[in-house]
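Okay, so chain A shows up in both of these, paired with chain B first and chain C after.
Up next, the complex of A and B:
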């Protein structure tokens, strides 16, 4: 009995201490997608924030299929305090359903309007109110095996015509032109559709089509898609469409690193692990570099993409504290640290001038060029950021029917035009910054 | 009259006043229901209510976020009269079902019959053939994706030693993609069927085999007239289950091709997932879910009818 009393007293004391602690600390939850550098990111964010204010604790939960879990939980009235979506087009649905909070008052109070580029904040607007903060600024670039190019006397192309001429040379040398494939991620298809639209039809025409001023069947779009189809048909993408759909990312990058393939159009997110396929890490002597994807006119154009967005859950009990977390997370210092330590694409915020000094100069050049392109009106559009959900799925699924000769380019674009018109009429288009 | 009055059925109030009746009622009716009540409540909460909600959602334009508006049978009209991808999905589901109602059954019947005779190392063989069933689908799919790779898989290795022809992109060709996935899923699945059939065979009384031997039956006749009738109920039951499961096929297809290339491996479930979660057409996706349930109900109905006609199911 005596032992029981002692144990009971200890248990009650422990309970009292823990409940007292729990009353003092506010916990903010954030679900973060599990991935190659997720732990690195989560450690920097959580450890950094939790060291600042002992009264607010940030709890980051890493999980696969974060978006599926988040949307189900949030629609059911639960979920994390900070809601992350895969892009601005998903924010519209959540905002119009009252599932996330408007952020304008926090933006004013916490200085977000000075932190972010103005166009980037505009991406989070729904009916004139700010609902999300865009994260992970990304673009598509053309990686190439620099050593292979030097050995063959090839120079990186600047125009689409030069690219086609070079591809013929590469093909004649028995090298795969582009190490492309979609076995791991079928939406890979949309990278090329969006990129060719911007680079061949031009960003201004894409803008007009996105805002309903011209149809997707415009001559310039037809030319862009026919060029893409020609490249696929000639086997330049991973050895032909049959092989393209079975090539995994690792296969693609290993081929690029070893010199079996010459080039690869991919996102800046690849900076995170491209070094695993070159040099000592991959047991070869090759080096990589990148250039902007060649355009029809020769102008350096960069499509803008956002990897995800962050908002505050309408059912959060601690919106003020959640806003504090967002302020910390999107601060230029933390974004610079995440870029340098984990290879994460920075949010569209004003980074300090010395933010890029500790990182690979090739990576620094990419973000500097992207920033310059934004300032000089040389930016285009990635499909996953600026197209509405149904059109987006159509773009990457139906293009395969073109590649497998089931439908023509014109039929593909007519289908897109019809679907896009429906979504445009329903107001489902994400905000398109005016240019 | 007095006799008739004595035969009058007792009223409920009279029964209630009878302690014996009360005890019997408690023991035979109330206690069993109390035992089953927790399970019943869970079933209502996680199955019955969502099922009813699903049927209602199939009659709305719900996006998964916004308020749902009732649109009657519009989703079903589009599904059956306009959606070509859905029709393609049904065709692929039927091909899938044909494959799974033949190949794994033949394999499982053959191997279980052979293994039933093996006494030495029998457990080792059974375990080896059953192991794929306990592997996670994502593991099995990843292994086979690599094995079927035209660049680094079995076909490529054979081509390197001069045996060409198998180094083709099995998952990349429209004509082979669906059946390649079915082959992979079957590699994982058929061991389960085999174990079920083997267990059923071991429950057949040995006296029946002895009698067959006395009658001069050979091995084939023993199998045909003793083994097969002995395991028929489980074979037919699994026929029904596999037919139903064929309409739920999703994981291997989604992991390996996501319905591609160009929709050639799309089935109803992948189409449903795409609509509900990627296109924000949750109401439309719910309609597809209801259709899958109707198909399953139809299959069950066929088996119920056969049972009523005396089939040993």
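Up next, the complex of A and C:
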């Protein structure tokens, strides 16, 4: 009996110690989009954070179709502590409904205002308060088959006129000019609309239109859309509109890699798998490289976009700890590691100069140039980040009617102008950083 | 001469022409059937081809046979998609849902078909209307309720959702089947002293076997392929169903089609194997039902 009492006391003591220990650890949950590089990212984030502070444990759940699951859970009063959305334009309604917390006090306390580019924090403002931190800085660039260019004596163009002249040469050589197509993702169309607006009409005119200072029917916008329409009409985009709507991403990339096509205007997200279509992996001897999409003036302009955002759930029991996780996640060191190890586009934070020494120099150059463009006022706007939702859908759906000659460029822009004016009046425009 | 010729043509050649026409018709029928078969088989063949190609080859040659067979795609898909976990989970979801659906739906259908309680027509109308409401209309309240009941992130919680979602279809199908069964057999059983439960289990159930098989197949396939509800109610990867495995092969604007195709074959295989193993029972069940009704 005495032995039993001693054993029981030891057991109770052990239980008390272990339960006390368990109570001290706060768990912060984060749902992260599943995908081919998701485990790499989750390992770096969770293992790194959990090694720092034993009192706070970060639990990352890799979720397929994260956004649908997240919004149902958050609206239902549950969900993860850290709420990720597909972009700044999705934050507005969550903030207006009180589903996510304002972050201004955390930004001051944890030094986020020094970590992020100033314009990037502005993207998370709703009615003057910070609600989200933008992540995965991305831009569109022009990939080209370097081996094909060298074999034909072509040089990458710097201006829109040079691009058009080169396209005629490429066409004459029997090569598809751009390996473009939207069969996998219809909003692919908007990449080109936004890009041509920035590169031809110029980022300052786009800014004026986004802030309601000039209409979308401005002469500069008409010129941009007519150039885009001309390229589609001449069959430069994947062989013409009928092919364009049936070309998949793999078809496009395989054509670029094999030399059947010469160029491709796509996002920096393509760095993740472009090597599958060049060299040994694709059984060819070709190499790729990239240049900025040629502008009308010859200036290197980069449209900026955000892949997603992070906020703190209003029903989180541990907002302070969630903010600690965000501080760690958005630190330049972790962002650099995620870029180098997993190919993740970095958040718009001030990366250290040596942050990209271990990555493919072509990729490092892209992010360095993008960063320089942001600093030098040479940035433009991606439609999915800066346009209000209905106008955004209009942009990529209705442009097909222009390509099919059902409406004119002017009719397309008039429709956009009308819809945009409604959304502007309703206050639905995502935050546009002042320039 | 011509008249004689015509007569002799009619008398002597017509039967032979009929045989020729029949054989022409057979050739035509076979051609149509071969085309329809090709229409059904070609996508599966293309899927099988693409499951052993590289992504670059899929891009250049999306429909043809592979120039080089990359069998490792299957092992990579199995490992990266964590099919060992997700397939086991889906089997649990399917079996549990079918079992609950057949027991509960079968009893409900019998009651509505035979006992006709007051308001049964209204109840059927309610099922019909409720089954047409899109899931987005009630997903949030359902989530809130499940959270309050502690059913989130549990396998039995998800099974309850699946059973409820499939109940109207099950009850409709089984009720329609049972309503056509001859009532004399049930009356005879009652005369022999069978109670209502015995009538159901000994008479109605065997006669409704084709109906139950059909419901099991439809519900089972639906649950096997379900994705959205699973992601809404389950947040623990160890309980994810098989459909989530495909997301391991995607990124924002790219998909590994080689692994996706290999994964699709892995997902289809158990269903096809099960159907082939049970096809005799399916056909016998249908034939049996036809004779008895």
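Definition applied: the second predicted complex is superposed on the first by the 413 of 435 C-alpha atoms of A that agree within 3 Å, B and C clash if a C-alpha of one lies under 4 Å from a C-alpha of the other, contacts with A are read in each partner's own complex, and residues count from 1 in each chain.
The working rule: a residue touches a chain if its C-beta (ideal position, glycine included) is under 8 Å from a C-beta of that chain, and two chains touch if they have at least 3 such contacts.
All figures in this text were calculated on a predicted structure; none of them were measured in a lab.
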Which superposed partner A:213 touches (first chain B, second chain C, both, neither): neither
Partner chain(s) touched by A:75 [first = chain B, second = chain C, both, neither]: both
Which of chain B and chain C A:406 touches, first, second, both or neither: first
First (chain B), second (chain C), both or neither touched by A:242: first
First (chain B), second (chain C), both or neither touched by A:251: both
Dominant contact partner of chain A by residue count, chain C or chain B: C
Contacts of A:99 with chain B and chain C, given as first, second, both or neither: first
First, second, both or neither for A:155, with chain B first and chain C second: neither
Which superposed partner A:63 touches (first chain B, second chain C, both, neither): second
Those residues of chain A which chain B touches in one complex and chain C touches in the other: 68, 75, 248, 251
Interface residues, chain A side, partner chain C - complex: 31, 34-38, 61-65, 68-69, 72-73, 75-78, 184-185, 248-255, 257-258, 260, 266-267, 269-270, 272-273, 276-277, 281-284, 307
Chain A-touching residues of chain C, taken from the complex the two chains share: 54-60, 62, 80, 139-140, 143-144, 147, 152, 227-228, 231-232, 235-237, 240, 243-244, 246-257
Chain A-facing residues of chain B, complex: 63-67, 145, 148-152, 168-174, 257-263, 274, 277-281
In the complex with chain B, residue positions of chain A that touch it: 68, 71, 75, 93-94, 96-97, 99, 182-183, 186, 241-248, 251, 389-390, 393, 397, 400-401, 403-404, 406
